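In structure tokens below, several structures.
Okay, so chain A shows up in both of these, paired with chain B first and chain C after.
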Partner chain A sequence: MPIYSFYIFDRHCECIYVKQWLERERERSSFRPQTANSTISSPATLSEKRVSTPIDAPTNARPPHGRLSVQDDAKLVFGVVFSLRNMVRKLSGPDDNFISYRTSSYKLHYYETPTNLKFVMLTDIRMDNLRVALHQIYINLYVEFVTKNPLSPVEHKGGEGVACELFELGLERFVQTIQDV
Partner chain B sequence: MVILSILILNKAGGLIYQRHFNEGLNKLSSNDYLVLAGTFHGVHAITSRISPVPGSGGLEVLESDQFRVQCFQTLTGTKLLIFAEPHQPNIDVICRRVYELYADYVMKNPFYQIEMPIRCEQFDRQLVAYIKPKQ
Partner chain C sequence: MSSTKAARIGEEVWKTRIDKVNAELVTLTYGSIVAQLCKDFEGDYMEVNKQLDKMGYNIGLRLIEDFLAKTNTGRCANFRETAETISKIGFKVFLNITPTVTNWTSDNKQFSLIFDENPLADFVELPDDGRAQNELWYSNILCGVLRGALEMVQMQVDAHFASDVLRGNDTTEMRVTLIRMIDDELPPGDD
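Coming up: the complex of A and B.
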């Protein structure tokens, strides 16, 4: 069951980490004839299997018609998540937590740490609740490789200090195990 | 069947009907419900936009620790929000039945103005009889 993307937002409402696996889907679709609703990415990004962008890297090509750039996507995701979280808090008190939502074609899983760090993952609709998985990503990967890294800054402004190699490797491996289940 | 509350939003995202059935959600002021409805309408539109797979509909089910919302969007853009307990089965059936009651007692009411708040006594009565039959 495919996992489409993964975001981390900090308590200053900034996106500090983005990882998208959907490029793989787009790559396979490049062998089919182009239709009016095609989402084939521009040639510059086709060679990469996945996109993992630090936030202040410039986007090299304009996104294809109808698709948003990675930064815009992250902002929209944050807006949705923030509004839904506030709605849930308002309706059932400050102790309640918004867990996930589902649409007809994807599912969004959400986990917030006590330090207001937000982990968001977009997956296929058949995926079960990934709250535990996001919690494990936080404990075993984020805390170990980002927070405990003596060289990383306290506040990850613009995403610096988060995308270190060990964290990325660990995340890839972890996501593989979730996808294979 | 434990339904906590039902909200109906019109095409523009305005709240046209709101009713509590069971305890479980905080009681908010009517202004708060209007704001909530507007927010939900906006979020629903954005969720279809951020979809990684092209051609997604809007948000259908929202889960939290203490409740679950199912949003049924009709072909005309009216949204029926059903708030229920997290493990309530068959909310689809309930959605469809509420939509039937809406079509029968609200839309067929000759004095009802479309997209305006619903003030149809028959609709209220039938809804309560369906959702909370022992009241």
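Coming up: the complex of A and C.
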């Protein structure tokens, strides 16, 4: 089942890592009946297989959105999870947290560490809960390859030090295994 | 989390999930760092204490992530639980010691860790220059580690040594004080 995108936010509310799998998105979109606003039919915007974080990259082919930059997307995602998390905590106590939510076209999975790192993944709506998978990404990839890398900075301002090769490779491989389930 | 539960987790994690390293390697590596600092700052032990604390702080900021990943512990409900977790799980998994938690103040914001053993200070004798005995906190890096690690889980603390067997005191005691809980940062407003 397709995975659309993956975000990490740090304790300063900054997006320190984005990964989007655009090819997957297109596959998904092609299942859907075409709407009048068919951004997906424009080959130019989708020629790139995947985009890490170039500015102004057209990201989501979700028609209602139009085109947002990767940064704008990340900001929106952060806004949603931040508000939702705070709402959940107000309603049922500081230890509670939301796990995922879904719309008619995607499902958002959420995991937050006690150090306030937030891991977010957007997937197909049929995907099972990925909280465990996000936790795995944290302990097996983020801590091992980013935190423990002695030469990477402690705070990842502007995402510095996160997108290292080992982390990227590990993530790519891990996501592949989830998708193939 | 009760004290016994913390002890059990600490023991379990230490046995199964921790790569062990020769203790003397750690002792000697740490010793050469302190010795080099003493040389670099020409016996200004106050400055050496400060540098050790700073190094520890930077270690703590990272170590907490490794701690959380290995032990899978959640947020502590109160500072007493935090103290137990530090002693029975934190020190256990990283140094294989469990300092005693004691001397709580009545507001539950201050406690002491008493170190019966301290792998960093094996073989150590402070220089006999008449000052080191009064000024140098040999294991001060540990204070920094606690400060850095707790800051990442939203607790601002002060940690300092109150006594050290290396100085001729009866015990090695670290005093830890909770200053405040750090609020979550809010995202910057859209401009």
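The rule is short, and it goes like this: the second predicted complex is superposed on the first by the 147 of 181 C-alpha atoms of A that agree within 3 Å, B and C clash if a C-alpha of one lies under 4 Å from a C-alpha of the other, contacts with A are read in each partner's own complex, and residues count from 1 in each chain.
Keep this in mind: contacts are C-beta pairs under 8 Å (C-beta built on N, C-alpha and C of every residue); 3 or more make two chains touch, one makes a residue touch a chain.
Remember, predicted model here, so these are calculated numbers, not experimental data.
On the superposed chain A, the two partners chain B and chain C both fit, without a clash. Touch criterion met: A:Arg11 reaches chain C, while chain B stays clear of it.
Once the two complexes are laid over each other on the shared chain, residue contacts for A:Tyr106 go to chain B alone; chain C is not touched. Shared-chain residue A:Thr177: touches no atom of chain B or chain C. Legend: residue contacts after superposition of the two complexes on their common chain; A:Ser92 is shown touching chain B, with no touch to chain C. When chain B and chain C are set side by side, the one touching more residues of chain A is B. By the touch criterion stated above, A:Thr147 is placed in contact with chain C alone, chain B being left untouched.
In the superposed pair of complexes, A:Leu122 makes contact with chain B only, with no contact to chain C. When the two structures are aligned on the shared chain, A:Gly79 is found in touch with chain B and with chain C.
For the pair chain B and chain C, the minimum alpha-carbon spacing after aligning on chain A is 14 Å.
According to the touch criterion, the shared surface of chain A, contacted by chain B in one complex and chain C in the other, consists of residues 79, 95. Chain B meets chain A in the complex at residues 24-26, 28, 32, 36, 39-40, 42-43, 46-67, 83.
The part of chain C that touches chain A in the complex is made up of residues 58, 61-62, 64-66, 68-70, 73-75, 152-154, 184-188, 190.
Within the complex, the chain A residues that touch chain C are 11-13, 75, 78-79, 82, 94-95, 113-116, 138-139, 142-143, 147-148, 154.
Interface residues of chain A facing chain B in the complex, by the touch rule stated above, are 4-5, 20, 22, 25, 37, 39, 66, 68, 73, 76-77, 79-80, 83-84, 86-88, 90-93, 95-106, 108, 122, 129.
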